[in-house]
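All chains are identified by letter, namely A, B, C, D, E and F, in their written order; residue positions are counted from 1 within each chain.
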Amino acid sequence: MTALSTLTTVEAASALARASVAIIPIGATEQHGPHLDLRTDIAIATELARRLDQSLGERSILCPPLAYGLSEHHLGFAGTLTLRPATLLAFLRDVCESLVANGITKVVVVNGHGGNTDATRLAAREIGRDLGCSVAHLMWGQLIGDLTPAYFEPGHRYHHACEIETSLALECDPSLVHTDALTGPAEIAPLDGFTDSPGGRVDLPQPFSRWSANGALGDPRRASPEIGKTLVDAFLDRAVAFTEQFIDDPAKEPAP
Amino acid sequence: MTALSTLTTVEAASALARASVAIIPIGATEQHGPHLDLRTDIAIATELARRLDQSLGERSILCPPLAYGLSEHHLGFAGTLTLRPATLLAFLRDVCESLVANGITKVVVVNGHGGNTDATRLAAREIGRDLGCSVAHLMWGQLIGDLTPAYFEPGHRYHHACEIETSLALECDPSLVHTDALTGPAEIAPLDGFTDSPGGRVDLPQPFSRWSANGALGDPRRASPEIGKTLVDAFLDRAVAFTEQFIDDPAKEPAP
Amino acid sequence: MTALSTLTTVEAASALARASVAIIPIGATEQHGPHLDLRTDIAIATELARRLDQSLGERSILCPPLAYGLSEHHLGFAGTLTLRPATLLAFLRDVCESLVANGITKVVVVNGHGGNTDATRLAAREIGRDLGCSVAHLMWGQLIGDLTPAYFEPGHRYHHACEIETSLALECDPSLVHTDALTGPAEIAPLDGFTDSPGGRVDLPQPFSRWSANGALGDPRRASPEIGKTLVDAFLDRAVAFTEQFIDDPAKEPAP
Amino acid sequence: MTALSTLTTVEAASALARASVAIIPIGATEQHGPHLDLRTDIAIATELARRLDQSLGERSILCPPLAYGLSEHHLGFAGTLTLRPATLLAFLRDVCESLVANGITKVVVVNGHGGNTDATRLAAREIGRDLGCSVAHLMWGQLIGDLTPAYFEPGHRYHHACEIETSLALECDPSLVHTDALTGPAEIAPLDGFTDSPGGRVDLPQPFSRWSANGALGDPRRASPEIGKTLVDAFLDRAVAFTEQFIDDPAKEPAP
Amino acid sequence: MTALSTLTTVEAASALARASVAIIPIGATEQHGPHLDLRTDIAIATELARRLDQSLGERSILCPPLAYGLSEHHLGFAGTLTLRPATLLAFLRDVCESLVANGITKVVVVNGHGGNTDATRLAAREIGRDLGCSVAHLMWGQLIGDLTPAYFEPGHRYHHACEIETSLALECDPSLVHTDALTGPAEIAPLDGFTDSPGGRVDLPQPFSRWSANGALGDPRRASPEIGKTLVDAFLDRAVAFTEQFIDDPAKEPAP
Amino acid sequence: MTALSTLTTVEAASALARASVAIIPIGATEQHGPHLDLRTDIAIATELARRLDQSLGERSILCPPLAYGLSEHHLGFAGTLTLRPATLLAFLRDVCESLVANGITKVVVVNGHGGNTDATRLAAREIGRDLGCSVAHLMWGQLIGDLTPAYFEPGHRYHHACEIETSLALECDPSLVHTDALTGPAEIAPLDGFTDSPGGRVDLPQPFSRWSANGALGDPRRASPEIGKTLVDAFLDRAVAFTEQFIDDPAKEPAP
């Protein structure tokens, strides 16, 4: 229920003894169009993780956020900083190794950046195999991926600096949104039935500038605090429910 | 149109000069329940890749398959062999580096094993950044992921040794299927709204034995050559269409 | 002058064009005795970096902090999380590689944790050799290492959770200090002329519990906001003066 | 006696319980002059491994082949694909780690490509030290290296796309040989008493184009199915005898 | 008391059974101005290590020296050879792993090159964590760093090819010093209060040519055998005293 | 003609400008039976390299030796120290990278330890591909491998601590040989037609204790200075001839 960071080691000893799960927020420092802070992904992840931790009471501890992620596809836009995949894999492994040394063998990564998904999933698998630690990955675009299409307009891409992410930002930390810089849809390349969802899906990494001229998707002007609250609440309901099950369900114990 | 393997270097020089894209089949050697060969994933990938290559004529070359993938979650079942993630990342990088040396800068990975998806996506991103080579990832479970639910029954998991994969096997190589060993649904853990699709989605790696007692999903007895043909044809239609676009679309050139 | 995190990419483009140096705060999540937060090192580094960035106006940008460092010697105390050396080396390299892509080739690492010094120095050397980027390392215990002995009492170790670091904490962020938990000197192993300074110096890594029974050094009760302000001001005066020289002195350009 | 690939996991469980040794064929995808397929090395290795496995009955299992090897010296000829050494080392280690998990601690690598020898030997040593698994390396050029000189003509190099390897190809898979493209000896650099055998031996890696203008050695026209059969039979006799001894001899158990 | 190198394995078995600590000399092959051999650092380290080993009698064994270190900042001067940091880290780890296999769990690295300090300290920490082996680092510039300033003249840098190191060379091995090439102070960049000691200290790696035009510091003409003897004796007194304490003090046992 | 180590940087600049090739001696610290020093391999390599360098006059420079090699198979005998393969690969790469920075692109590794052969060959290949540096590997057991069988007795293994290596030691440095400890043939496992030469050859790494109870092969009592001189002279004649050709032959230039 409390961020590990704000505890002394004496307090941490108690908190860790009571806790069953650790939460690690990860995100990115990357361009989010003309109207959102570079910190948007990590700010949203940090706030979602904080609320999740709060909801779980003594059953969880909250680890410090990692503000850097895998954003090589955004390097064409100023201000983007990226790790290499092996670095993020090692970071997650090292932190889980430390958590195991602290008696915690269940970890929830709350991820604010879709670009971290591949590496987090991969890290989780190897951590499970090698360290006896079970790592779950929660990304809002995925956990509430059935709810966001209600806000889609045809012909647009979503889930990066669009009205949906901007709404989440308004709910999580309104200072993320530069409302005076909100603009309508950027010039975007036409949707592609293969590399854009929905429809058939092909993975093809591309520089983000090929998807949007200004780095934003959708129509960010359509963002609202109400949408943000709706989606964040839905994320949290599910995240809490999942984590409670993760804690309690014998079938979700780390592999022997 | 021809497997690189069956060419001499003299023939390869011509084929490479004409080709715009290389196709690499990857899969796994892993348990597929009591009725499918351990080679099922790589056999399906190899056949899908062969047909794709054939459809593309001189525009493509076909590389040899990699029969080993990331299958650590199946190690509890006999016969499973797995690579570590870093090995698969390195393999894909090395082959792409070689292809670039041969003048090919567009690659399609035809992947028969969902467990390879994370690493292939990650490899593609770093290969794009470092080697000036653009790598697309095609996995049947994803490219025709909108078509397979038509065959789902409630309460089951799918896409591994189920009627769908078994049908694909019947179409791609009937010898993969031990029809005398076809059994009804295995004892499976109940579906979980979080870690099973559809619905909210959480990534949580688990030993496959927690999902199915015999290593198979669904009800493999419901497989048929007809379903296999329908799905394989759909996969190929899309794979060909995507690859043609990949070859021709200036917006899909490797990043500078 | 502004944290990169709180800029949009459009603003970042301007800020990066004007800036000559990037500042990266690094620290640790590690035990700091019974009276200081686990976040003490990164909190101090973040605040020192913020003030340094502010003093430099448009000449600098401030990168997000890294809250994890090399703290394996503190793993015996609850709440400590540690990276492995190769991970921190990779992190610094990746961020500098990104900064170079953003046009920045001079970096100041403001480090709040002495345990990160080895790796940061080593990273700086290889980054200089390979990436054409010059990395300076500022650690308060070192930059004002001539001023802190004025507060030493004989027979004690210093610079971790002692009155000096506690004073810095009071100046940087008073909420770091749990004043009700302030206690007198812990039971400590006697000073050793070889592995403790001053005097001859041998490097011998040891579990921190061998140096202090409760994880703190010195007599934290002697900490005061005044000492904190004196030391922080001295650090900043020097850090600003150094960084201005780093920016302007042709002899400090990155090696060709 | 059966390829692991063609078993179900249920069958594999039985086969593994009975088997004492696993066989892994490795080779390359590399130029073999104007008359042999790029797959020649892996095709020969796969066939030799298949026959070896068959001869051993229930005492062995056969793993899938790896069609990629270390062929950087052939990159000057079209169609060559190469791994980097660390990748092949990791591949062998991962597969052996998996085999150990399946209860197999003796492995025979049947290698069709001399260029893989260094790495396979090195991998075998570290696998022995770290994993409790004993790895033997069989390469035809070495195992029957006393028999092939009977077919040598003075002034030629051998063992790559020459009459000897071409004869092996005719025996193992005649479709490897493009008989219409068989030509006499290529222009080759004069033999060198130091870097060519027999005689004193110096290791000096060189692009293969320095040894042969067309990528082939010897005089491939002199190849015959009879020579192929003689040599393959000799290889198999010895390979079977060795492997039986490897299985039975207590002195060849994996190191403790 | 005897170099391991000059023992047979039979003798080594006895020596190792009696010894409590191993000594490893490390140094560099790097420029030392116009008057000192490139081997100066490793030659001094080897001689200091030899004397230390001799003083310890049967309590120590002496390992072979490593003549290569981290000298990338000297690459601008001819004859410098450098390792990369990861290589030195791996070297130290491998040797300690071997020593542990020989029953030795305490190691003293006698280092003649300041540029190796970062990596040796870092290696020592990870070796302690992972291998149950305790590694101490002795560098003369540090162990007798309180004695050398007595020989400093204002306005000069010291500790590389200066009168101090030249004096050590005269004591350790006079053939290191090309007395006919001894020259007065080189043209040096002015001392910098930040990156030169004493005073505030910032770490900023720079090509050595920025510090001295001829690669030497101080005024090597002021070197003398007497200074060398004084300093070497002081180093040895402390090194012996430390190592005896290292051997005997239960508080310096390797971490469990 | 002179060891780089004994030059100043000024002298090294001249020597490097005149030289065409660098020589690096590598060996091992490993058991050599009851009568030879642990340093035997590196001592022989160093002396052979010294003589080769001397014969080449100004055309060569001599680098410092590496006394550690790959000796994991000897770890069962006291005093053996071993590197891991990746460490030796990295060492050779780093030194060659440094030599290229010094203008040298041809390197001769004089190797005194057969166990280093795999890794040195592999390193040479990747260094050639990546660094534009051509690396030749000379090992006495190989370069004069046609001459040593004249001294073989049936039923024995050779080339490690046998009469041949002991003879080389007597010629290179008689202090290597503990003549009072010379004994007759150790109890050895019977020769094996597969894993012992001559005859068919299989690579099977085994603990050396399986080959010889006391760590020595052959009958070391039969060693003589005369045999040593004969073999060393032969080695040198060939090594000089090869290196001259390596220097002069355009066909042996580093690959472009």
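What we mean here is this: a residue touches a chain if its C-beta (ideal position, glycine included) is under 8 Å from a C-beta of that chain, and two chains touch if they have at least 3 such contacts.
Predicted, not measured: the structure shown is a model, and the values here were computed from it.
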{"item": "Chain E and chain A - chains in contact with each", "value": "C"}
{"item": "Which of C-E and B-D has more C-beta contact pairs", "value": "B-D"}
{"item": "Fraction-based call for chain F against chain D, same above half, different below", "value": "same"}
{"item": "Magnitude of the superposing rotation for chain A and chain F (Cα, nearest 5°)", "value": "180"}
{"item": "Separation of mean Cα positions, chain D and chain C [Å, integer]", "value": "55"}
{"item": "Whole-Å gap between the CA centroids of chain A and chain D", "value": "48"}
{"item": "Of all residues in chain E, the ones touching two or more other chains", "value": "84, 86"}
{"item": "Category of the chain touch graph - line, ring, star, complete, other", "value": "ring"}
{"item": "Ring path (origin chain B; first step to chain D)", "value": "B, D, F, E, C, A"}
{"item": "Touch list for chain A against partner chain C, complex", "value": "3-10, 12-13, 15-16, 29, 31-39, 42, 63-68, 75, 77-84, 86-87, 90-91, 94-95, 98-99, 101-102, 175, 178, 181, 215"}
{"item": "Residue numbers on chain A that touch chain B, as the complex places them", "value": "70, 72-73, 84-86, 89, 117-122, 124-126, 128-129, 134-138, 142-146, 189, 192, 194, 198-207, 210, 238, 241-242, 245-246, 251-252, 255"}
